[in-house]
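So, here's a batch of structures to check.
Shared between the two complexes below is subunit A, which pairs with subunit B and subunit C, respectively.
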Partner chain A sequence: MNDFTRRTLLQGGTALAAAGALTGPALFDFAKAWAQTAPWKAEKDAKLTLMRWKRFVPAEDAAFNEMVAAFKAATGTDMNVFSESFEDVQPKASVAANTGSGLDLAWGLHTLPQLFPTQVLMMNDVADYLGKKYGGWTDAAAATCKQGNNWLGIPVATIGGYLNYRKSAVDKAGFKEFPKDFPGFLEMCKALKANNTPAGFALGHASGDANSWLHWVLWGHGAYTVDKDDKVIINSPETMKALEYCKALSDTFIPGVASWNDSSNNKAFLAGELYCTGNGISIYVAAKDDPTKKDLAEDTYHALWPVGPVGHPTELQLCVPILAFKFTKYPNAAKAFIAFMLEKENFDKWLTGARGYLTHTLNAYDASPVWTADPKNYVFSQASKRALPASGIGTPGEKAATAIADFLVVDMFANYCTGREDAKGAIAIAERQLKRIYR
Partner chain B sequence: MRLPSLRAVGTEAKLLLIGIPVLIWTMLPLYHMFLFSISPKDSAFSGKLWPDHPTLHNFEVVLKQQHYYLSHFWLQLWNSLLIAVATGVFTLLIATFAAFAISRLRVKCGRLVMNLALFTYFIPAAFLAVPMYRTMGSYGLLNSQWALTLAMVTIATPYSIWVLKQSSDQLPVELDEAAIMDGASPMQLFWLVYIPLMAPALVAVGTYALLLAWNEYLYAFLLLSKDTSVTLPVGLGNFLAADDSPWELLMTTGLIYALPPAAIYYTFKRYMVSGLTAGAVKS
Partner chain C sequence: MTIAIDQGRTKHASRDVTAWDRLKVNRNWLGFWFMLPAMAFLILFLAYPLGLGIWISFTDARIGRVGNFIGLENYEWLWDDSIFWLSVFNTLLYTIAASVFKFAIGLYLALLLNENMPFKAILRALVLIPFIVPTVLSALAFWWIFDAQFSIISWSLKQMGVISQNINFLGDVYWARFSVIFVNIWRGIPFVAITLLAGLQTVSPSLYEAATIDGATRWQMFRHITYPLLTPIIAVVMTFSVLFTFTDFQLIWAMTRGGPVNATHLMATLSYQRAIIGGVLGEGSAISNAMIPFLLAAIMISWFGLQRRKWQQGESND
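Moving on to the complex of A and B:
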């Protein structure tokens, strides 16, 4: 996390200038022109209340606020924007959905629009407009927001998590390039441990980090919690193989990972105790922003998650979809705002402000300047393309979200890797809990 | 000097055996919070009982709003204070009039009102949060500090009426009769006789309502949204938005926030005990 200082502001401003983004009067001119030709005309005297997740990069927040101000000036829509921490977005959106008041737009995580499909405004026209204009949506993003042929929300972005490693340690371990498959990755972790430069991945209740890497291991072996009909299929030979692989990996980890939360690996990596872990770009950004960690920042690199035996990427990445409630009095204004957010003139600037924390879900933004401004950012541009929806091959929705929120997959792996249960016992516990959710 | 008996020593030892673990159990989280607040960021999680380099830097960061999450610290603290004081004042006003009317003026249906006041406590306050959200939405009060103040007054008033009624039942009715004989109107009876005699209970009830609102999280989280209108406990929740939360600042802010209620409680402790238990036992 960064302090909001003059330095970070200047960094953000410099990056935006480098991106050739519209700012100030030019942005307002664009917004006015856009409002004249947009397919959705905001209702007269429209007022929108938008709840979003708490920003963690000041420059992203600044770019977003500027976009909101431009939209307000161009359409006359009064915008009331406030933010909540990740954990608080869903309960507050649920209260609004169930009472039919309080919010017009909610911007949350994972499968938020799937939690109340009857309460949301269909976004088919917005998705169609943006998809056609910007090269189509990534598969995972579309699956996260669609129910049948209907778009329940718009997948604005993905918060990517990838491998963060110290290049000097990986070189010393004898790997000229980062492994691209599971066996190679295991060998590298063993070599890192032998050199006393260990890797470490959370086996505790770390909502983001633990869920993402352990679903990657599970899915990479072709194992899933449920099949496409939402039948629980966790008890499978593939899951057994995933457990064995994870156990072998965890034997190479730095001690203490069983109690790690989302911040533990950040701290250990920045303290120079950890040499490879799964995380967002926050470790690198924190190192870059700290003048005392210049060497560490230079030695920190990112890599894609290696591909498992299934032969294709199987990553769990955090999608951040936005939805409009159907009880909003201003549906056109809501749709116009969402479309306006994702227009190139706004979105490139916003992505640049996010410094790699956020990844696009529209294919045309592969060329966004943020991915080339620093070569170490590039890996994160792949997050949405290589991801599966949070439900794996099952139906995205409340049940899949509950399984993740309750750490069922995480606990299954942790139970086995820490010796609390044997493999069959760990799978049986997960199966029982999954059947309770999916009954 | 007479030595204590074996039985007395045994009783004392039993009390100590229970008291010491309870004291440690109670103080440990507070000590942990204090420890974080005086630890540098790098050593906050060191697990030591005392930091190698204790510092007040965290307090400086909080008080000068030098962190991104603390950019509205003073405003949010002010919001907490404003809502807590307003809740205390409105609760006192409503509960005092109600208790006076029921206990001294003996209005019709007073007993029913008392029973209804008690009945409200059969429903946990958390269950009413969503209906309250809807109600405030209907009145256009969402994200207004009035919403939280009114919600807190709604929750605090029934218990306050009950306590004040029990307390005022203790006052001799002859005082009222003497005042009425001297020509006092009901309002004069209220201001000149009732209020002065009820002071301890009023302080207790006011403090109770104030602390209730000061410590509230759920309703504050639901009814208030903007960073500039939320109370500090809700603002503290934002610290957990990042995957590298500044725990030392979170604990420092928490410690600062815990100081006013502790000071209020110890200032008015005498009234709290006597006021809240008044009428509990019939003399």
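Moving on to the complex of A and C:
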């Protein structure tokens, strides 16, 4: 969804300077004061090992590490933080959960805490504390971490993906305003193609980009892989409609989308060959940081995913929840750290460091400076509100995670859009695999 | 001898030659201990993982969780799985097409490099370049070369006016298969060429001299001297080449991840996607175990081929 190019990685560092009001001694003072009054007192000589996903924005990482250092100094908790690539976080957390050792905290993707609900430390008190203080959690974020009334983890943030488009091309196509519904969006893509300024969305095995826009199309038509009781319902008239819509849409795309991975649309957009795509804020950030792409950055705008025939937003966004394992020897230190992360003094700065790449899950942060610093960031502030969990309307958990990892929905659409299978055949393949996963 | 034993009996009447005494001087027993480190190594790092892989394929294990025994369920599922069969087809196509070209071009190059020519040493070294570059790096380079929007090939052809639209190298099923096979051939040729060249150098020049005196043509010399003497090496090289190609992973993963719509998914990449990314270890192991019969067949063919004495001595195969 959100690949940053190497260039962004190098240049993003400059954002750090602009990021923080509360750095250095001020942050330590706050941390000390916080530790005095916080509901959770870290155990004496506590030692926490935390695994997190590998950052894309250096400034985000820097803000995170500063926060870790402040927490360390204020509570005396020894923190050992290491990062893993997106693909490795879940397997490693699963191994820790099942061996009962190795990690105290894991900060992962999608619905990680739902994969081993019996192995996590309940976070009800932390969620209450933060929710009350900061205007409550968004529903979509809560759904990723809640099992019944219990919080299995804390939804720290969402990595948002939205439509990135060139305003000049959309204007020229005759659309003063970016379309808000599916038919309008299709018309716009047709017009873009006619003007030789095409749109393009990945139809290849792009874990982020392809999954996000194809689930949006599927859900927008009211079609789901499974219903709320986890019964497989992919074989439905709604799925047919989604396939037809997707086929019509993909006929307007720039050639080659079937081979695209997560970085392909970034490259094509930044090269000026692609005029509308679904992505994180990374394309815009990269354009802003590149002096030679000033015009492109000015012409780049963001839009919400149009709402489908079902009448409500159906977005797949990448939630990043954190959890503590039940077997940790220092549960209070773990809870204290999670609460500390999300306090305003830390979190605002952190969001700013992430430059729109991370979206808050607590409503009070709607007012966070990052969303107003650049009006083009604003769209991404909605990511935690308009999303469904990765499982759609089904139970969030391991099975849904496997279906996404195995590209079932992506391959179903790609099979039909590239003409390899007819609609029935494409659905049948997906249905068969889903039935096995959800047996 | 008899006397000595008798004396022994009288001195130590109570003590017979025990099994331990015999064992102490047994050469096989000693040999066993010398063999033990190697055996332990093989069992620990080869037999055990292989056995574990086979066991996991009979369970519903997921990452981080021991599975329950479910018999052949994984295999039954794969039997009806169109994507699995597509990956088998892709793997066979990939292996056969790439191996044939690698052999033909490799042999041609070896013969060429065996001739006397200027800068012979440098040329031989240059041929090795595709082999030296780490696979992932060359795959990434080719990923750019075959990119949907930025392909240098498409760009050049467009500049020359041959085509009006970019070639959809990795997005079209047939182009994608062609592209990955092409890269595999490019990468595999040096191994075949250099090894065959080494084989060619062992052929005694006197054989060619004798053939020349007898009035043999160049083709006859190749057919009746070079080729038969090279056969054992060809068998070894092609076995290795087939094994490497069949189990290829890096090229595909870096270039297409099995796409477009699984058209380039090999058994190895599908196994990885399902077992590690998808977390379904049992099914993933079953896919990789399904490669074993094919690999065994490839090994058997060359093994029995090499066993034939006449082959080894470089005579014809009548």
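Quick note on the criterion: the second predicted complex is superposed on the first by the 418 of 439 C-alpha atoms of A that agree within 3 Å, B and C clash if a C-alpha of one lies under 4 Å from a C-alpha of the other, contacts with A are read in each partner's own complex, and residues count from 1 in each chain.
The criterion applied here is as follows: a residue touches a chain if its C-beta (ideal position, glycine included) is under 8 Å from a C-beta of that chain, and two chains touch if they have at least 3 such contacts.
Treat the numbers as computed from the prediction; the structure is a model and nothing was measured.
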item: Superposition on subunit A - do subunit B and subunit C clash or fit; value: clash
item: Which of subunit B and subunit C A:Asn98 touches, first, second, both or neither; value: both
item: Partner chain(s) touched by A:Ser85 [first = subunit B, second = subunit C, both, neither]; value: first
item: Touched partner set for A:Lys267, first subunit B, second subunit C, both or neither; value: both
item: Touched partner set for A:Asn346, first subunit B, second subunit C, both or neither; value: neither
item: Subunit B versus subunit C as contact partner of A:Asp209, first or second or both or neither; value: first
item: Touched partner set for A:Pro255, first subunit B, second subunit C, both or neither; value: second
item: First, second, both or neither for A:Ala286, with subunit B first and subunit C second; value: first
item: Against subunit B, colliding segment of subunit C, chosen among 4-12, 40-48, 58-66 or 76-84; value: 40-48
item: Subunit B and subunit C contact sites that coincide on subunit A, given as residue numbers; value: 87, 95, 98-99, 267, 271
item: Residue numbers on subunit B that touch subunit A, as the complex places them; value: 42, 45, 66-69, 71, 129-130, 133-134, 137-138, 142-143, 221-222, 225-227, 237-238, 240-246
item: Residues of subunit A that touch subunit C when the two form their complex; value: 87, 90-91, 94-99, 203-205, 254-261, 264, 267-268, 271, 273-274, 398, 401-402, 405-407, 411, 414-415, 418, 420, 429, 432-433, 436
item: Complex contact set, residues of subunit A against subunit B; value: 1-4, 51, 53-54, 56, 58, 80, 82-88, 92, 95, 98-102, 208-209, 262-263, 266-267, 271, 279-280, 282, 286
item: Subunit C to subunit A touching residues, read off their complex; value: 62-65, 77, 80-83, 147-150, 165-166, 168-173, 176, 256-263, 273-274, 276-280
